[in-house]
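This structure is in structure tokens; I'll ask about it shortly.
A, B, C and D are the chain letters, set down in written order, and residue numbers restart from 1 in every chain.
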């Protein structure tokens, strides 16, 4: 629009061999502007983001121009880029699990980044690290700085990654799905934080997200990407009110909303999963305390709760990955470890749960091979990839050649490979854009109805849970604070905590969301 | 940590016992015994028999073993068949020399690897890469007995800068500068292949580590390239380097045999080599036991270092 | 002024947007995919081989290629070289004692009047045999033991302690002991090399395995129901091989030293058979007379070290 | 010998006082072996610290006075009376007396010390000490090599003899007093100012153990040591052409390289085959190429200065492949493959073994090389366990010829590694030994018989007489040695 644009991307092309991930993209971000970049999973959002800072793998070929102010970043030297990185432009990576160094504490990592651009002493850097962790809403930051990434929950890792990006107060933050792993309350805090940064410091934000609620809540302008090309961009209100492209319309239509599904019938079958009095401690910290939960055959139970409340821990206990300190977990009436052929598990971090050296086909076929499933494994793999909407030619790719959402779908395909009787899914759709998410949810519903498998569906996305689950359990600080039929828990919550959660769900409508935020109206879900 | 070591203690003791049996039998499996050496080429059979009896070699092997172990347990290492003196004294002298030499070499090798490995892994300059490749190739391809001879010829004979071998006449502790002069050639000679191997390993594991996603994160935060390698990636690469270092301890002790001989450095390597060729059983037994002990300790340290370096192993928690 | 931003915002491609259809088919991918779903299907669903297509391809390019060429040159020299030299490596040529390089003897003659070039070229064969059989064999056994031992902690402790004992014996002492039992000669060199390599690889692999075992994808495979063997084979091993590859390159190129040291002690390849180690050790005594005599076996070793190392680097980069 | 004299010292240069001579040796002391004359460190120690009763010059077997000043034989050589030098003191300050001679001889005869002349020593049935300066030896029968014994047995101090085996102390009457020994490191000696033959010029001697031949050479080249013992033939040759260095061949202390044959081995049991082996050897080439001409080819053990030397007999076996083949043809049956044992880490014998293999192959005998380590070699040697051939060296032919046949194990008429025995050889050897004197026509005739038996028996194929050598810097002058290669620095000086 003007020469004062902070970031000007023009004619950006990125390809990996034959794969053209970004095709002639033009985009600008003005100072203090929040631009949302949305689009289907695999449409090139993350690649674009990485291209800006020259962080693509060596296999990538980049053409076009990326101007930061007047400074050309494409083809710039490593040292020139280094000065820009972190200070002028910071980046929040999509998959926090692999974005952090496993062998250093998070505090150390933040301090190292702080010291990269500022001559801080070790102590001040340490103190600042604690401050930053506090800023992104990590409870008890003084202890957490000393934790290693594997000791944090998914959402906590994501917040650490955000803290890394905020460390040097950059002019532009490129945030790639910064809130996917966050429950709605924390998400709201982070969004508030970002907004505050923009308001106070004039920080511009290039926000990559599939969450239309977040877009509606935060963005000034929205750009829609489809298969590497920009298909539409407009101010947020305009786009939501009158999307011009069919694709955008479909995207908006696919956004799940709370309370749109009819109440499900109660289930009374035998238990597929039964947890009784499960308690898990990590050192002094009690992650779960005497949790009781059961999932009947053919039933979908949604497990919601704030980040760090113990959802994944519970999932891991159910899957037999973790032995509880007290209590028992029974899967299909036996020990989880003996029932492995009959249940599927979707990990919260799709990236790190795939062997980097195996092809996608090998990853998906692994359960078939392990259990010597009858039939043609190739055909089955093709079928599964198709079901999660991955093109067949992805079969020969390696995990690192996939986008975040694509990897997540590989995880789902793998979990479904053996037609399980029970599916334990830890945030299975967190990295998926609404349209793909809708089809995955449709797939799960369809399979569920056909095959009648049971499912423990862990998610922080209440709308998604509402559209799938029969029953919902709410976890808070390692305890189940409420559970019951989905429509009751999510529409007429009784526990104060649940109510807070439900209220924090952003509305996929900028006007309504703004109104709610500013407290002008209380629009019910 | 102490608890960890205590838990390992029983297995370590069992190993020492097994090793003692193995060593005892193995060196007796080598044909020929010390009596032949002591008797000399012109001795009549009676003389050999007399010597065997005097050394106790005519007794049943089990009795010999029990006698030896009994001695060990009561703190008596025995006497050398050939050198005559008490083994304790011999070993103490040799140990001081060998420890000085190997530790100096170790230090040299580790420092070299810590400097060159990261440089090699991170460099984009083809010349630096070639230079380091050449260093690695040369250090690995040149056996100690060649480097030793060349070092002596160049620094000892041609330039006459350093002594060609031997230990400081007045002892290692007398004057540090003199000791350093005597130490530098053998230490360099011993350290070179180890340095090459360590550098290679460190560089290669660092390259692997630099391909990880978290490196992108810190790059994105504008952390300097050098810093990424040294502060962020190195930690992840160290466990392999530590294992290699543990293995290279073997190379150091093995190399010491040759280096001590080339540089007339009277250490344990020389002693053990002599012991084997002259079938000086008591000496070999004690030295090999010492060597096994060192290895058990090195291995324990490696494991401890591993756990310390990788929190996922240390805090692995529940599985 | 109309910056690129304006153009960017204005630009869109309606033509490429798929029309109508439900959510599932809203995106072009879906349509195309359905159409191909029933064709041959993805390939390669078997267990991933540790040295796969990718590695092979990497070896045919760049560093890998240079490495292959270097090793190939040495191998070729060993295989066909002796046929091209006019001298027999065993022939003691009258009055040709310690001659310097000349047209008739490009590398001179040795202390027993034999042509050094002929002996060098024939000597390569023995060492290649050791490099290409004994070292990989030792590596294989070592890796197998090291990896299997991690199954149970008791076994692990036992095996590691055993390795301690083996490693604690200076290599040459081990060689002397073994040779005394089996008798000297090429077989005993091979056995010694195997015995020396087993604990090295065992321990190296073990330490890598311990690390990789903590990775999430290993847990993932366990949850799927993969048995220990399966997890080890498909996930842990392929991801632990990086240091093993480096060590393999090293061990293969320096096996000549073990052989050489053994021939110094008279327990190696028995004289008068030529080997690189034998050539090297005799040559050192004549460094002043004919430096080429000593340099040539070293050069061959250096070529091997460099070649194997480049191959290892390329293989690891391809696997990375 | 003349050469050695001139090279050993420049008589015109006035000897300077003081300084410590640095000596490098390639092998360390083995205290239990001090009486076996077996390695460089031992011969250095014994030469510096101990004296003998009599002394041989390097070119004759006429005994010269040392600790004994006069001697006389009576009773047909069965009683020998020695008069001892007066005023001699041990390094401890104690005066030397006849009791010490008795003690030294008794110690030498103790089988524990393996003195090589033990069979001669055992002939001495009684040692009487009628006066402090007089010793009477009673012999079982006359022996021609009694003075070899008196020139070999070191006179040791009875009070400190217990410390010899542990290497703590070596006390003698020699020109230098033992100071200390650090195993594998060094030996130090200080000047014996009271030495009866005149105080040495040097303040002391420092002997360093340098196990690696190349390093030892480097040490003498760089000036770190003045004298090096145990340097290879080729290296010594090269060193001799370096300015400031010279090589000193130990004339008079000859060694012999040989190929031994087990006469019970298949094929070798026929004397014709053994002679064929002797004809096949290329002695000239081995002496020239392996020993770098430090010696001469020989068919018999005797050096040219020996009373037993006979030019005609010594030239019996020259390389003659035709003759060897003819002898093998006479033998008829093909000779099976014969193993040849040698010390695998000894470059000299590794080379010889390969030359021998090559030589015999040309004559039509296949030889399989069997390198073994030195201990195993000695064990096989003294246990007579070699299955076929072996090659190594021997000494003791430089002294009285009879010493060889009674003391050098390979020649021992009663028991040897070749399993050879014949009444004729035993008879000839005994006869030569029991003579009252080592020289004279009677002796020469007896030696000739021994030589003929050796040549016909063919159980040992001599390669040649060879010389060990010192490599010394010109700075060290006056280096001397005994006929048993013991270092003598009593008259040496640094300049």
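In the analysis below, a residue touches a chain if its C-beta (ideal position, glycine included) is under 8 Å from a C-beta of that chain, and two chains touch if they have at least 3 such contacts.
All values derive from a computational prediction rather than experimental measurement.
By number of C-beta pairs in contact, B-D leads over the other of A-B and B-D.
Centroids built from CA atoms put chain B at 51 Å from chain A. The mean-CA centres of chain B and chain D are about 40 angstrom from one another, to the nearest whole unit.
Put simply, the C-alpha centre of chain A and that of chain D have 90 angstrom between them. For the pair chain B and chain C, the distance between C-alpha centroids works out to 24 Å.
For chain A, residues that reach two or more other chains under the stated contact definition are 150, 321. Touching two or more other chains at once are residues 30-31, 149, 153, 277, 310, 312 of chain B.
Looking at chain D, residues 214, 372-373 sit in touch with two or more other chains.
The set of touching chain pairs reads A-B, A-C, B-C, B-D, C-D, using the touch definition from the header.
Residues 50, 53, 55, 78, 82-87, 90-91, 93, 95, 98-105, 109, 112-113, 116-117, 148, 150-151, 161, 164-165, 167-168, 280, 282, 321-323, 351 of chain A are the ones touching chain B in the complex. The touching residues of chain C, when paired with chain A in their complex, are 1, 3-9, 11-14, 16-20, 23-24, 26-30, 32-34, 36-48, 214-217, 219-227, 230, 234-235, 238-239, 319.
Against chain C, the residues of chain A that register as touching in their complex are 1-3, 5, 8-11, 24-28, 40, 42, 65, 67, 97, 150, 226-227, 229-233, 245-247, 250, 253-254, 319-321, 340-341, 345, 347, 349, 352-362, 364-371, 376-379, 381-383, 385-386, 389-396, 414, 435-436, 438-439, 442.
Those residues of chain B that touch chain A in the shared complex are 124, 212-214, 216-225, 227, 231-232, 235-236, 309-312, 315, 317-319. Chain D meets chain B in the complex at residues 28, 30-33, 36, 38, 111-112, 114, 116, 165-168, 182-186, 208-212, 214-215, 218-219, 221-224, 372-383, 392, 394, 396, 407-409, 415.
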